[in-house]
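Each of the two complexes below includes chain A, the first together with chain B, the second together with chain C.
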Partner chain A sequence: MSGLRRGWFAVALAVALAAVLTFLTLPVVAIFVQQPPGDLIAALGEEGALDALWLSLRTTSAALALILMAGTPAAYLLATRRFRGRAAVITLIELPLVLPPAVAGIALLAALGPATVLGRAAGDAGAPLSLATAGVVVALTFVAAPFYLRQAIAAFEAVDPTLLDASRTLGASPARTWWRVAVPTALPGLVAGTALALGRALGEFGATLMFAGSFQGITQTVPLAIYDRFATDFTAALALSAVLVAVSAGILLSVKLVRGPDVLRG
Partner chain B sequence: MRRLLALAGLLVVAGCGDDGTLAVGAGAKKPQLVVSAASSMKQALTTCAPDYADADLRLQFAGSDELAAQIRQGVPVDVLAAASTALPDALAAEGELGAPVSFASNELVLAVPAEKARVASLAELEQPGIKLVIGAEGVPVGDYTRRVLDQLGPRRRDAVLANVRSNEPDVRGVVGKLTQGAADAGFVYATDVEAAGGRLAAIELPEALDATATYGAGVVTAAKQPEAAEAFVDDLLAGGCHEALMAAGFGVP
Partner chain C sequence: MNAEPTASAGTGLGVDARTRLGELALDVALEVAAGECLALAGASGAGKTSVLRTVAGLLRPEHGRVVCGGEVWLDTAGGVDRAPERRRCGYLFQEYALFGHLSAWRNVAYGLHETPRGEREARARALLERFGLAPRADARPATLSGGERQRVALARALARRPHALLLDEPLSALDARTRAAATRELGGVIRAAGVPVLLVTHDFAEAALLGDRVAVMDGGRVLQEGTASALAATPASAFVADFTGAVVLTGRARRGAGDVIVVALDGGGEATALAGEEGAVAVSVYPWEITLARPGEAAHDSARNHLDVDVLSVTTVGTRVRVGLAAPQPLVAELSEASARELDLVRGGRAVASFKAAAARVLPL
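Let's look at the complex of A and B:
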């Protein structure tokens, strides 16, 4: 009797898994099968598509560089020091994580838009943000940084404090301890955080459009180019989407590899 | 993003439409009509929709090109009211839409911030350094803009287009960039300037540029409520929604 009941339950679980798997993979697979692969590749040869891919690569790299440079030491501080208001600081840092993209766009306009003090100062300094590539980098950094920071804080928290103590006892400066002991030990977590931030930055759409606009080669990243072609050239939209799917899959896979083969084996 | 969400919302709305019992709760059993309309008509149509007696209107607003793409992809819609006649005509030729009718007109204008505008005339748009924002190609407002600029001749047109800093996927993007001070000027419809509530000023374009856009509507071939859809198109031509359109600054085609 109990064996029968267990059999029924196992079947229900398998059906649920099949439903989940079908629902989640069907749209992604459809991107690749709706058009012959040759058409997709040909559509990527279009000048605008290449411009979008190149712009996405440059802006995402710039955003990641900013996030790593400022985020890694900031995360280390938050992971290793206990101070009043620490929880509040972490919550504030994580907030963009759950903000809808449209809210991020409005927030950036309210803080750094061309009508604001800061936005005007950036323009006067010869580095305008709105309708400029720099604005795309700002938008990507804003939405992607929390993904890295969360992971980095967790990774540094997991570093055995006795390792850091030993390093300092042996005469290494705090900075050297951070760079030679803490960062290498936390590296898998830092890489995972980088990949998550990369994925979020590559896919950014709403904040970029609202804050930076959409212009080929200047502010039109791949997601904006996909949207631009949605109505006029669906094949080109599919082709660019296929590239983002491939890159995203690569990011996911590399995170799993860095985290160790255990994850891949399941 | 917002428009993708709108598409998702439309799918949900259309899904509910399959279930006739849902309309009963609303009192009198009226047919439910899904209307896809160009974003520029949002204010006018949301004003007249509650008073429309013959059907329960479910309005969806987006760029006309996108609404047309949705219909081609089989999203269930009863009426398309587009910001051009080219898109409804193309859909009709493909068999997706019944014979379209022209129901309203709108005028393309050069919009500038109401205060401290850097641009006071169309000619000033050609000066280097002016930040211009227009609709993207394939979006009706963007196509109208390019068509109007073509009338200027290649030299003046190229001088204007060289100042474009953003090709926005819909007219709200252009208005937003102007009201936020990101751009000095943009081409939008007269009704958009009206709707911006005093924050924008319109510079009318010379008659010779032929800047009047005609709006076309039609009943979708796959409409679930073809008769109610036909009646709503008539209302756009002469009923309460026609009045609302005129009040919002539209003209008679």
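Let's look at the complex of A and C:
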């Protein structure tokens, strides 16, 4: 009797899993099977699509470079020092994580828009932000940085402080200790954080659209190009989406590979 | 205490530190001559590691002075506080703190940045070879055994030619089998170091084996300092006696006939000693000074102290037998295997424990 009930329950669990799996994978699979693969590849050859891919690659790389260069030392500071207001600082850093993209766009316009002091200063310096590629980088950095920072803080917090002490007694300065011991030891976490920020930056849509606009070759990243085409050229939209799916899957896989041994050691 | 002012002026190490560390009030003043090993012994939380961290510059006391080899490393009054990387300390950390992302030889080479780049690897490998680790030089710490890790950490601590060697529980992370060999080897390293050595341990036997002198610490202070045999023979307090492995019984002392001290033991029984203070005291006796007899068969020897005891445990350690007793206060007697067999000691049995008045040391509580 109880064996029968357990059998029934196991079936229910399997059905639930099948339903979840189907619902979550069907749309993704549909991107690849809606049109013949040949048509998708041909659509990618279109000039606008290539422009979008190239722009996304450049702006995402630039945003990630900024995030890594400023975020890594900042995360180390937050992870290793205890000071008044530390919790508040971390909360402020995490705020963009939960901010709706439209609010992020408005916030960037309010702070750095063409009518603001900072926006004008950037324009005068020859690097206008709104309606310019630099603006896309700003928007991507704003929304993606918290993903990296959170991971990086956690990764640096997990570094055994005795290792840092050992490095100092072996004659290394604090900066050398950071570069030669803290960063290599925290590397798996830093790579995972980079991948998360990369994924977020690649898919950024709302803040970019509002702050930088959607001009082909200048501010139209892949997600904006998909939105631009879905009503007029569905095949092109599908083709660009397929590229993002492939890249996202690659990111997810690499995170799992990097964290894998870490989790096992855990 | 052995406070030769010349030690810190010459090649020795002088530490003086007073500071609050949470619950602990650290207050120590120590001198170690070059080539000498001072063992800081005590229970965990006594402040031993804090002394090492103060010397290395990893902990800044509120008031303190650290002088090594004639160089002032710390002088809070004079505003001197050298960064850890500018004090030449070879520090062996408790869990060794090897860098997991570097191979054994790169761990050793890490401290060699004053050596020309081209010579670092050869020097690191030569040091590892000295510790019998040449074949493991390219292995990562995670794949090394506990004993191998300890030796890599030791080689790394020595690589920079330190002016002081700080060893924090160098043997406690090792299993019993590796420990005997590692102790011998460490003794050799300490003797060959030629610099002041501070060794932290919670084990008095280890301190006695490796230290030229032992400083027993508790609650952030040094309770007593001297050679291990001096501490064992004349402990200054019940804590030190207990720490050196003596049996400690508490009670109230009064002056008896013939100017002896008679202690009414807490829980029952009486002990006589030749000297001591009146009032609340601890009586300490070493386990090998206690003899055992069957009930009713004692009193034929010259010992003045006889306690009726219950046998709680009988443990053979090598050729000796340790007998756990309750009088009802706990005590331990150590006898030869032969006499234990003769007495037919069993758990739950009764016996009479005897010791001479001269063997009983009365210490104020």
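Basically, the second predicted complex is superposed on the first by the 258 of 266 C-alpha atoms of A that agree within 3 Å, B and C clash if a C-alpha of one lies under 4 Å from a C-alpha of the other, contacts with A are read in each partner's own complex, and residues count from 1 in each chain.
By our rule, a residue touches a chain if its C-beta (ideal position, glycine included) is under 8 Å from a C-beta of that chain, and two chains touch if they have at least 3 such contacts.
Keep in mind it's a predicted model, so treat the numbers as computed, not measured.
Chemist: Tell me the contact category for A:G113 with respect to chain B and chain C: first, second, both or neither.
Modeler: first
Chemist: If we overlay the two complexes on their shared chain A, which of chain B and chain C does A:R168 touch? Say first, second, both or neither.
Modeler: second
Chemist: Tell me which partner A:S130 touches in the superposition: chain B (first), chain C (second), both or neither.
Modeler: Touch status of A:S130: first partner only.
Chemist: Mind working out whether A:F230 is in touch with chain B, chain C, both or neither, as first, second, both or neither?
Modeler: A:F230 sits against chain B, while chain C stays out of touch.
Chemist: Who touches more of chain A, chain B or chain C?
Modeler: B
Chemist: Would you check which partner chain A:V181 touches, where first means chain B only, second means chain C only, and both and neither mean what they say?
Modeler: second
Chemist: Which residues of chain C touch chain A once you look at their complex with the stated criterion?
Modeler: Going through chain C, the ones touching chain A are 53, 56-58, 83-85, 87, 89-91, 93-95, 97, 99-101, 110-111, 113-114, 156-157, 159-160.
Chemist: Which residues of chain A touch chain C once you look at their complex with the stated criterion?
Modeler: These residues of chain A touch chain C: 160, 162-163, 165-173, 180-181, 184-185, 187.
Chemist: State the interface residues of chain A toward chain B in the complex, per the touch definition above.
Modeler: Where chain A meets chain B, its residues are 100-102, 109, 113-115, 130-131, 205-206, 209-210, 213-216, 218-220, 227-228, 230-232, 234.
Chemist: Of all residues in chain B, which touch chain A in the complex?
Modeler: 1-2, 63, 65-66, 68-69, 131, 133, 136-139, 164-169, 173, 176-177, 180-183
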